[in-house]
């Protein structure tokens, strides 16, 4: 009987579970509830993904009020794909978190951790599902507030300054989005995304709409840590608890990429953003600078979490690069990379979290000799690392392949070359860690002798993601089909609207 | 008509008192006299202005609300001024006479 | 007409109080200016209600008076803390 | 006349903002922020946004300012002078401002009834909501029904903030009995506070249930009720206040409010409507709308009251502890 | 001339926003940053409310004898945004309190010596 309400459940379930966690007040129960709810949302989301691939688009009028007057929840292949990803990762992270946070978060705050995680999930699902520009802002803020809390939960005092910096930058970003949405509303009188698209196409370009777009793009760029607005990301990922790093790295920025895709392709349309305003060139340049600058930054770090954080900023560059190609193929490659990058970064951060759990450190020195002591963890790290580099038979290879093809399709030889060059840089920073783990001798102090493999609850989700990297490297039917259909849907609707027909 | 005239007079007088209070905020020599200027005129101006407004209503719910606001302001505003002056006194702000004495002994 | 003039008068009182709060010798003078500002806002709300011929929104004036009072008490309370522990 | 008042208020706002930028005494900065909030609320009244003015006054000038003051009492009140870089920020700000000014040039003129904003979606709210929802206050109708999903999100945001502050600062422990007793020496203050606190709570209830007809609603009522207890805590000391309203209870209440709101939405599922569709809650749609709005406003009010108060408790307990040392 | 009458409101609001924005990015003290953030947001609220105003209109609460109402939708949006603002402020200030306890300072330039971050 709930079938018709499936669209709203991934938002409502975690939203109701969050206060229940507080009322339960007992951390084991809270963990159980959070994991179950997250898993249930995941099942529903996958269901929705298949429905969206089948029917194209699903819509649900919240409160029974029809679209431009009420708030519409709307799901197409793009949103369903990212939503399935987010809920799946959330479930895995929650399983992983039970052991992981024991050592990183004070036990009195575990219930609060689960509550904040659920609220963050609510926000992310809301962003992905809503069809209303202002509602998107509200959910963005729910997820952001929960994220600030999650980051600051670590016992390291640097997590506080990291969270503060994230809060200031994130709020500036959100306020920019608010300004942009205000300008859109001012010109069109509506907030519903489809309605906005229609009315923008009718009214044509104006200075207010241009400014609105610029503000929205800058605001979203802060949230997705696009170079040079990425300054909050490395400290936030480095100093937050491992479970949080894994969750944020594989979901929060991805959702922000989705928001950017939504605004560019659904609301404004390719025509407006790329042809009238020439945003493609700016995005392309920023993406390439991000790939190289942050890859070099990643090489210079000794903290492995920071290495991965800078690597994230570089990988976000690839996604934006795909979007900036302004073609269906490029967008598809970008979306595919969103999906695949979540798998790899999730696995990598989980592996690093397991090392932190056993050794108490994430410095590259702590990795010495771990290849023998924690073979499963390090193997997962290697698979994730391979995927980042883009070795064939991993998921990373698939998205790089499509990116290069999309670039070549438009005769951008230089860009294709730069993408490959960027992968070489990834080899260097990933190999430094692998070298330490397998080729360097462990230091023979008494403490390091006791290091053993990570507990089961951490290994299972880590390996699910690692195997996911291989599975989606071999069998690309689902991921490619979803990304392709999403890209087609987005570019088609935007072309037809952008053409004013 | 008569009510309106009375109301107008009350409003004008109230505005006048409010202005004198603000003027006193700058002109009086020490902190405690400035509190005096501000709080006394504050009360009388509020009373006059609100009475003036009450005469403009139909003596319905709006008038009741006005009375409520008036009572509320009359309770809180002098209390706040009193607490402020007391804090200032504890905080070591000297009255004019005291600082004069101090100057004399210093000199 | 009288109503409008009264509005302007109250506004200028507010401006003067603001000026006082901006440049004051002691922190207490600032607080004094701000208190005066707060009470006058409550009055202005009432006046504006009559000016726009919808005087039924006086609830807002109550909130202003209330918040002004609480703000004053909070300033005094927390100022005592910094005054004792800050030096 | 309204334009003249608007202009004067905007001028005062600009002066206040400059004061905030240039003053180094953080106490003054925070108090000026309170003024800024009051002034913007006056502008809201002048531009007919009475509900917004209500909220801005209670939240911006009230809760935010009190929290800022509490923080200052812990962190010190002087901003240290710094040879800080000012050129780059200035450049960023001037660029952003120039972009915004550029954007204003194509904006529909201020106040013109022909603007697109007033032509499309809003028309239905103005023309039909009194019949469809049955409430005179259109803001409440839109807030609670047409865009009830936004408001659910807003409630979740408040809840998230409470969770964040609790995880950062923790709740005060109740057993620290009466070490600190507030503004002990202010006798007059205590007497007056005793008189007006019940009045404030009464007023909060009025705002909660009168919000359908006049300005107000759950959010404002929650803040005002919290303000009453905050006043109590300020005057009589935090230990006494935590005995009256216990921190543990607040945590549960904040959770319950969110559940009440979302639960109302889920109840619509079972009665055959969409999420948050109040039409199905009663036999008659308008009665259903009314019932739904009362329920969710109650949820908002409870959550906001509990969240705001526990946030204040968390800050105040830190301030009190510091003061004792 | 008509340009000024049409847009003066927006221009002042832009100035206010930028004053707040400047405070956020240039202030050295973390509390002042939060104050700046609030001013920035409050100014955006004024922008929204300005666009909802109809000349000669009245507050959107039905009353007898009134035909023109201002647009209620921006009011609703801003009510939500105000709440979001205060929530962010509360969390930000809580972080400041903890930072003060952990580092002993809330001045931005004093962090760099002790730690690599902020």
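Which chain is which? They are A, B, C, D and E, in the order written, and residues in each are numbered from 1.
Following the convention adopted for this analysis, a contact is a pair of C-beta atoms (placed from the backbone, for glycine too) under 8 Å apart; a residue touches a chain by one contact, two chains touch by 3 or more.
Being a predicted model, the structure only gives us computed values, none of them experimental.
The minimal number of chain-to-chain contact steps leading from chain A to chain E is 1. Taken together, chain D and chain E share the touching chains A, C. Fewest steps needed to get from chain B to chain D, stepping only to touching chains, is 1.
Ranked by distance of CA centroids from chain E, the top chain is B. Of the two chain pairs examined here, B-C and C-E, it is B-C that is joined by more C-beta pairs in contact. Compared with chain A, the chain whose C-alpha mean position is the greatest distance off is B. With centres taken as mean Cα positions, chain C sits 11 Å from chain B. Averaged C-alpha coordinates give centres for chain C and chain D that are 19 Å from one another. Once the centre of each chain is set as its mean CA position, chain A and chain D turn out to be 31 Å apart. The multi-chain contact residues of chain A, meaning those touching 2 or more other chains, are 134, 138, 141, 145, 148-149, 152, 179, 185-186, 191. Of all residues in chain B, those touching 2 or more other chains are 72, 76, 79, 83, listed in ascending order. Chain D has residues 50, 70, 72, 76, 100, 104-105, 107-108, 115, 117-118, 121-122, 125, 147, 150, 153-154, 157, 160-161, 164, 168, 183, 189, 196, 214-215 in contact with two or more other chains. Listed by label, the pairs of touching chains are A-D, A-E, B-C, B-D, C-D, C-E, D-E.
Looking at the complex, you find that chain C touches chain E at residues 52, 54, 56-57. Against chain C, the residues of chain E that register as touching in their complex are 58-59, 63, 66. Chain A makes touch with chain E in their complex at residues 134, 137-138, 141, 145, 148-149, 152, 157-158, 160-165, 167-168, 171-172, 174-175, 178-179, 182, 185-186, 191, 235, 239.
Contact residues of chain E toward chain D in the complex are 2, 5-23, 25-32, 34-36, 38-39, 42-43, 45-46, 49-63, 68-80, 82-91, 93-98, 100, 106-110. On the side of chain A, the complex with chain D involves touching residues 2, 5, 8, 12, 15-16, 18-20, 22-23, 60-65, 68-71, 109, 112-113, 115-116, 119, 122-123, 126, 130, 134-135, 138-139, 141-142, 145-146, 148-149, 152-153, 179, 183, 185-191, 199, 206-212, 214-215.
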